[in-house]
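Take a look at the structures below.
Each of the two complexes below includes chain A, the first together with chain B, the second together with chain C.
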Partner chain A sequence: MSDTISLSRRFGSNSGQPVTRRDGIAKVTGSATFSADNHPDSLLYAVYATATIARGRVTRMDTAAAEAHPGIVLVMTPQNRPPLQGNPDDKPTFFSQRIEVLQDDTVRYAGQPVALVVGETLEAATEGARLLNPQYAMEKPRTGLDDAAAYTFEPAGFGTPANTVHGDVEAGHAAATASVDVSYTTSAMYHNAMETHAVVAKWNGDKLHLELPSQALTMTCHSMAYFFGIPPENVTLSSPYLGGGFGSKAFPIGPYVLAVLAARTLDRPVKLALSRNQMFGPVGHRGATRQRLRLGIDDQAALTVIDHSGLSETSTFDDFIEPAPNASQGLYKAGALRSTHSAVRLDIGTPGPMRAPGEASGSAALECAMDEMAEKAGIDPLEFRLLNYAEIEPGTGKPYSSKALRECYRQGAERFGWAGRPLQPRQMVDGDGMLTGWGMGTALFPCPMFMAEAEATLRPDGTALVETSAVDMGQGAWTSLAQIAADSLGLPLDKVEFRAGHSSLPDGGVAGGSGHTATAGSALHAAGSDVIRQLGELAAADPASPLHGSGNAGFVARDGLLMVEGDDSRSEPFADILARAGGVPLKGSGRGVRPPEAAEAHAMHSHGAVFAEVKVDSVLCQMRVTRMVGVFAAGRIINPRLTESQLLGGMIWGLSFALHEEARHDPRTGRIVNADLAGYHVPVNADVHGFEAITVHEDDPHVNALGIKGVGEIGTVGSVGAIANAIWHATGKRIRRFPIRIEDLLTA
Partner chain B sequence: MSLSLSLTINGAARDIPLDDPRVTLLDLLRERLALPGTKKGCDRGQCGACTVLIDGHRVNACLTLAATLDGAKITTIEGLADGESLHPVQSAFIEHDGFQCGYCTPGQIMSAVGLIAEGQAGDDPERIREGMSGNICRCSAYHGITLAVQDATRRMATAEKDDAA
Partner chain C sequence: MKLFDFIQPATIDEALSAWRPGAAWLGGGTNLVDLMKTGAMQPDAVIDITRLPGLDRIETLPDGSTRIGALVRNATLAHDRDFAAAYPMVAEALLSGASGQLRNVATVAGNLLQKTRCPFFQEPAALCNRRDPGAGCDAMAAPGNSAILGWSDACIATNPSDFTVPLVALEAVAEVRGPQGMREIAVADLQPLPGSTPERDTALEPGELILALRLPARARSFAAHARYLKVRERTSFAFALASAAAALRIEGGLIAEARLALGAVAAKPWRLAEAEAMMTGKAPDAALFAEVAEAVLAMANSPDGQKWKIDLARNTAARALSMAAAGTPARIPALPASPFGTRIEDPQHV
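Let's look at the complex of A and B:
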């Protein structure tokens, strides 16, 4: 079987083509191997027991009962946990979070691992963990934003954002002829990738092999090497497919380390897969926030100030502050801009980055506040945004590297049919008597690049191998990165073998921040270009080549031919050039990184405009999103098919944020009472009607050589506000906490 | 304790010695029969990732104790394609991009095959959405899933008509 289903013959480059997924056949036949699908010989199963209270100490566990259970080979508790070589309270890499590895008997959140049980079968290990039946000395848990005192903090790297002020904020407030001052709250949300976190760990002497779904292979290997006191090159990690990541699989988690430790202790491979319930534990989450937005406008409806402050939850033992107020930077022209952060320490697992961390929560509040401001000004919400459209980045004054937001607004409004929308709420009723409302929101997401390396090898037969430890967690790296690599080599896609997803390959960097295609893609592009440059040197110096002596004119590679730039009549197949040069492969390498001066010179963001229609039952207050149109400008689109799916997925995450997701704590124990997919609601197929995602053309010569921005997260931004604003437009009610609940509409 | 079990899995008769009554069909397939294509998403019947066909009906393998299945015919994702030739639902999922990460995909596809066999949804997208709502896709590739099921339904109906003619 070929990798992809063939479409009609393609002309031109690979990039920009809606190629079907190269991993498609593996995924529809069940042959794509996810981490927990691995089953090495003499495998043991590990299951960990979790704390069912949020604060206190474990006073007793029935280890004897667990040990006596048939098939149990190890019960690991804080009393007998073998030592680690690295301090588990350290953070071995910049993007790290403090891990839970049975350091002591303290319980700091519900869902924390309190023991690890290893058995010959999954059934035995599961039963063994259950038999432990932990007893506790419980203290009153703090799980709500008002349960502890708020504090401010100095920024100290990852997870602790800095306050940002541009202009004279007090003057901006004073200059306002109208203002809004509103508070919005957002709930704790959990990533809940369909694949739960899992590891299969196998030691061979002091070498460790991991089957582990990772968004950052190299960093994960370094962390593991640190904890186990072995050189990083002794750790290999295979992660060809992730069953979803969304930010939760970027860091090694404590249970992984415990499973690896058990494998070393027992000298047998160990598999550990979290239960769904445990996905509400030590894997990060989007922290709850309470945000205050103060906006002011002058008599021309120009914003005089956007003043955005946020209170975010974090854990008692580490820092990750959902940087929601930052969403107010970079978007609307305003006389003054202020984003300030504060936090509260609660008895919860440490929050972490979850798809559009900060942008999603912050945009939810900002876009609703903008709608409230537009209402107060008596102006259509789209017109209000256009009145405050920023031609240069507000605050910094930097030019945008590109910004086709105006076009997004235009196309979105037209496609949705925004014109003629009544200004007042509660004006539209459909044929079934449903209150109907239309709302919109703007989307902004930065386009960062990290660092990645890649290698490309042109083989004597004219095919190529390209390699980087890139990550496909569903965004489509197997396909889109191969398209970029094929273009860099001037080869059709089926002549390029792409190896990724293994730590032994050149460092593909981190799949996060919507920057993976830009970063790993740039590395592949550089590696391929390096090969073609070398091939050109060979041909130019070879008297037998039709390209001999034309090195000054430069070469281009297309369809397996090297040709003189601007003169297609002079060309030669790659294989012929290589054959005369001794028939040895040609190897090139490249890095994907944004030069600091380029990053300094421009403000770099993706943009979008989202329009939503909501219908609300006037009696029951049941809400349905019936239509949603998102239009996005995100630089060059490598694969429109995959991009549409990313953007739609992001918009559905916006729907989920607005109407579904919320982890609720039992105030007595601090335990999350809905820690499963029945109680923790995410959208199902029947929730998704009439969604459309459109991209507009955008050339960006500054972000990177390929003009790629990124599409992984921006779909969520703007969508939350669009839905909430549509609910207001349908009902006349402003609900200022997410998710919006039926009872809120009933009682408002 | 030993239980002997006869199952037909993907067309092959298997005698399976079972030493533990707690083993679910899902864990039997994944951990004991080297058929890990069927996925575990929640282990309690809430997500549909483990959907397989038992005697032609779609069932959550995680909620089914293996010991109760003596004599049953099981079809998993590994048994759907005819050699190199994909099942129409599998092809349609690729063409309509009905997945991203692929983890829920085996369950989605088995559920779609079951749904089409039930004959209740036809090619009506609203009924397909309803009928496929026991299968969660966190990547939210629902748009493509609906199109894929709709397209496969039509193609299978056409093929059936052609066969009958």
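Let's look at the complex of A and C:
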């Protein structure tokens, strides 16, 4: 017999264990059914025709040719689009954007749906859509930040004010003995999760079932119910797996609504899946920005002001303003802080949230400007950040709920070997003759909580069922949430059946804002605790239980046993308690939400420090990130394996932002010319070299009962600046646009 | 995509007689099928040549030359030990192209005849003289990674193939069969410059089929000093911004013969005999290579007047020559044709 005891008994905890993804085998063997893998009987295929110009009108489409093609059953254009019950220009929920559903013949961006073709096969529908061959009356497209006048709009991003000012900004500028005033440009970046957007829609009378990858199941159901004039409870949505979401699968897109409409019109199930190049348009993207940073320091190198303004692109028909300048709030101690946002309306799809929306772009500019300021002050960039370390949240004066950033800096610098870095650029050359540079950046990401509900059922056999419509979009929620649920019930993971990813379950909330584990996890924790509380009441009242009469002492549940708190000798298996109580299951429920008072009392953020090494060929100017160390303080870590994977993924995204991603528009038509993965570059394996992500210990008693912050997005923040700063340190050249390209270094 | 006839001939004769105007040969399909999906190419008939017998061999002929069947896969050729030892820069160029998966499927003839990656060629909604003669050229207003040599007002596209660059330097020929019988075409002549007829993007006549490529025996004499260098936007899996195949025959410390071809700078690999001749009889030296690179690019200009790509091509040519002079590495580096992982002897700072 083994002389070790099971992990869960030893620690009484599933949380903190590096459990592998519970859906991993299903995914790598292909048995996991993603939305587009569903093929209900008599399925039809829908393909939409996309506008190939960005601005103008469709004057003609060859619908006759499309209809005549074998296998075509429906060609839907603005002329014959059946009515929707809800106004398609409305936003049915808070997380919504105006959708494109063939309202009229106007073209507002390239990639916009201009017709929907439904066929018996995918090939027929594809060819039908091509045969439409739309003709246009084209107008000159506006796709650059200077192509239209700027305007301001409240709110920026989701819910933040367009202007935030703390302290006397002019006085801050006046007090500065040294300053930098720099502009950084970031490019438009498009969502390209491995799984493109897809829906399989099936009506049954006035009931609608959707197979649809969604980061927000309940809201998606509500939106669909609104557009189709049916009660929300008539819509069910199944979203067991997502091949990546990153913000693009948070709200319904126009093509989904068209597919559902086609299914209702034809009374047959309809599938629609976006092609790769259709991802460049209607699914949201990270809008391009131009940001101006004015920093001032006094003669002690203390920041007197951080003045951050940003211009972002948005569409002509909706407002989503990348809240980049907000990245300067909450991080460095400064006499005065100002973040202002403005936007320009361009002939593009509406931007939307993309992993660390605002934080990624804003931090890129801020961390570079901080590096420029440190250079000017003649101080090591890490030293400069420590000199301006904020002990309380700058501006608001709130205490941080927890902040182990100093420890991140310390461990990161040590692990990376930052000490001894020459202050001047262009000092280091490696054995191959490559210029070598080191740069760093700070990462900050808020820890919001939304609202989620969960239920837990303890079955008479001592196993449990927990339910919430939470979303595993690849991040591993299926696994880490189950770990939390098991702990709340005092059961090992394999005794807990975890159901998620279906709208009929209690509302699991939104997988976004890096708040899903905190929110849905809190709901699960509350539901499990509710069951254990009831179980305790049963046992305490039951004369046959060894726990009889100990109700006041309180109980703990561990490994299927209920025990008196502080006295392990008094315990009883769950199943025994339930058996004597009539063998009926015990049901509990819980909510995950942060009380407003708690949210008010503290500033709540995850923090991190990222260090990068970049090598640059001095003559050819090809660049390569050769090492990257990210150290993060993100509260309690439920699953270190999944956390590391999230953080590494975020850092790789930072690399992608710094050196690769950029959508380029054709000046004549406004079309994105590199709308495929051969032309739109993201890093390949050979680019991801020597990456390390580490977490430091952080106990946070305020964020939520579990002490969970969030790790989904913070990896990207700080990484972009670290890389750009390393490129400067290698070459002595400041490139103030992203991505940094070979041609930029060659011409600098 | 458009409906088409799919024909799978069993013999070369059958294949040739199956051909008709509007048909396309299908090799690995990694380029043709992509373009059919976007609609940039719309053949009425697709003739799958991958079952034709006898075209998948790498042979050494009695005169020492090497014959590579048209259907040999890119990966097979690059990983053939004898081939890589004899023509190291060809293997290195192949391994620097595309990805492992693509190289496993792509055929050598298909690689040679792949279409330009000009994004306006690939998108049927764009105006493109090469795809649609007389339509105009959208690339002119957005040149990006365009040609800097040999372009015309009609077309500024480049040839994207890495493999072709060392083949041109080594004077490879293609063996071609068509309705008129067999003939040979120098690989250097396979891709005409655009002039006023960019739609003529190959010297093959309609219905002609490449059966094999041949590398002359002489090309082996460069094996000790031959490198391919490719500058690209990421470490792997990206087309070149500029590339160069450089080969030197060094005898008694002096360059007896030199070859240099540049990629991604024109509608075909660019080779200048005068520039190569500048090196004959000289000792290999960075200053000499810089002069040679200067000479090759002397005529360069870019459609948008930007200099960076010309500078990059020049620096790439000079570096490739330095790398060749330093000697072919015992094995192809883990990052083939990359500036990374190769010692730079003489970094001239920009």
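One rule holds in what follows: the second predicted complex is superposed on the first by the 729 of 748 C-alpha atoms of A that agree within 3 Å, B and C clash if a C-alpha of one lies under 4 Å from a C-alpha of the other, contacts with A are read in each partner's own complex, and residues count from 1 in each chain.
Please note the rule applied: a residue touches a chain if its C-beta (ideal position, glycine included) is under 8 Å from a C-beta of that chain, and two chains touch if they have at least 3 such contacts.
Being a predicted model, the structure only gives us computed values, none of them experimental.
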Q | First, second, both or neither for A:383, with chain B first and chain C second | A | neither
**Q.** First (chain B), second (chain C), both or neither touched by A:432
**A.** second
Q: Tell me which partner A:36 touches in the superposition: chain B (first), chain C (second), both or neither.
A: first
Q: Give one of first, second, both or neither to describe whether A:120 is in contact with chain B, with chain C, with both, or with none.
A: neither
Q) Touching A:542 in the superposition: chain B (first), chain C (second), both, neither? A) neither
Q: Mind working out whether A:686 is in touch with chain B, chain C, both or neither, as first, second, both or neither?
A: both
Q) First (chain B), second (chain C), both or neither: which does A:678 touch? A) both
Q: Could you let me know whether more residues of chain A are touched by chain B or by chain C?
A: B
Q: Tell me which partner A:67 touches in the superposition: chain B (first), chain C (second), both or neither.
A: neither
Q: Under the contact definition given at the top, report the residues of chain A touching chain B in one complex and chain C in the other.
A: 123, 127, 678, 683-686, 689
Q: Sort out for me which residues of chain A touch chain C in the complex.
A: 52-53, 123, 126-127, 130, 429, 431-434, 615, 617-622, 624, 659-660, 664, 666-669, 671, 673-674, 678-679, 681, 683-687, 689, 741-743, 746-747
Q: Using the touch rule from the top, collect the residues of chain B that touch chain A in their complex.
A: 20, 22-23, 27, 30-31, 34-44, 46-47, 49, 76-78, 80-81, 84, 86, 90-91, 93-95, 97, 99-106, 109, 128-130, 132-146
(Q) Which stretch or stretches of chain C touch chain A in the complex? (A) 1-3, 39, 99, 117, 119-120, 123, 125-127, 138, 141-142, 144, 231-238, 241, 306-309, 311-312, 315-316, 318-319, 335, 338-345, 347-350
Q. Which bits of chain A are touching chain B when the two form their complex?
A. 1, 4-5, 20-21, 23-34, 36-37, 39, 45, 121-124, 127, 192-196, 241-246, 273, 275-276, 472-476, 641-642, 644-646, 648-649, 652-653, 676-678, 682-686, 688-689, 691
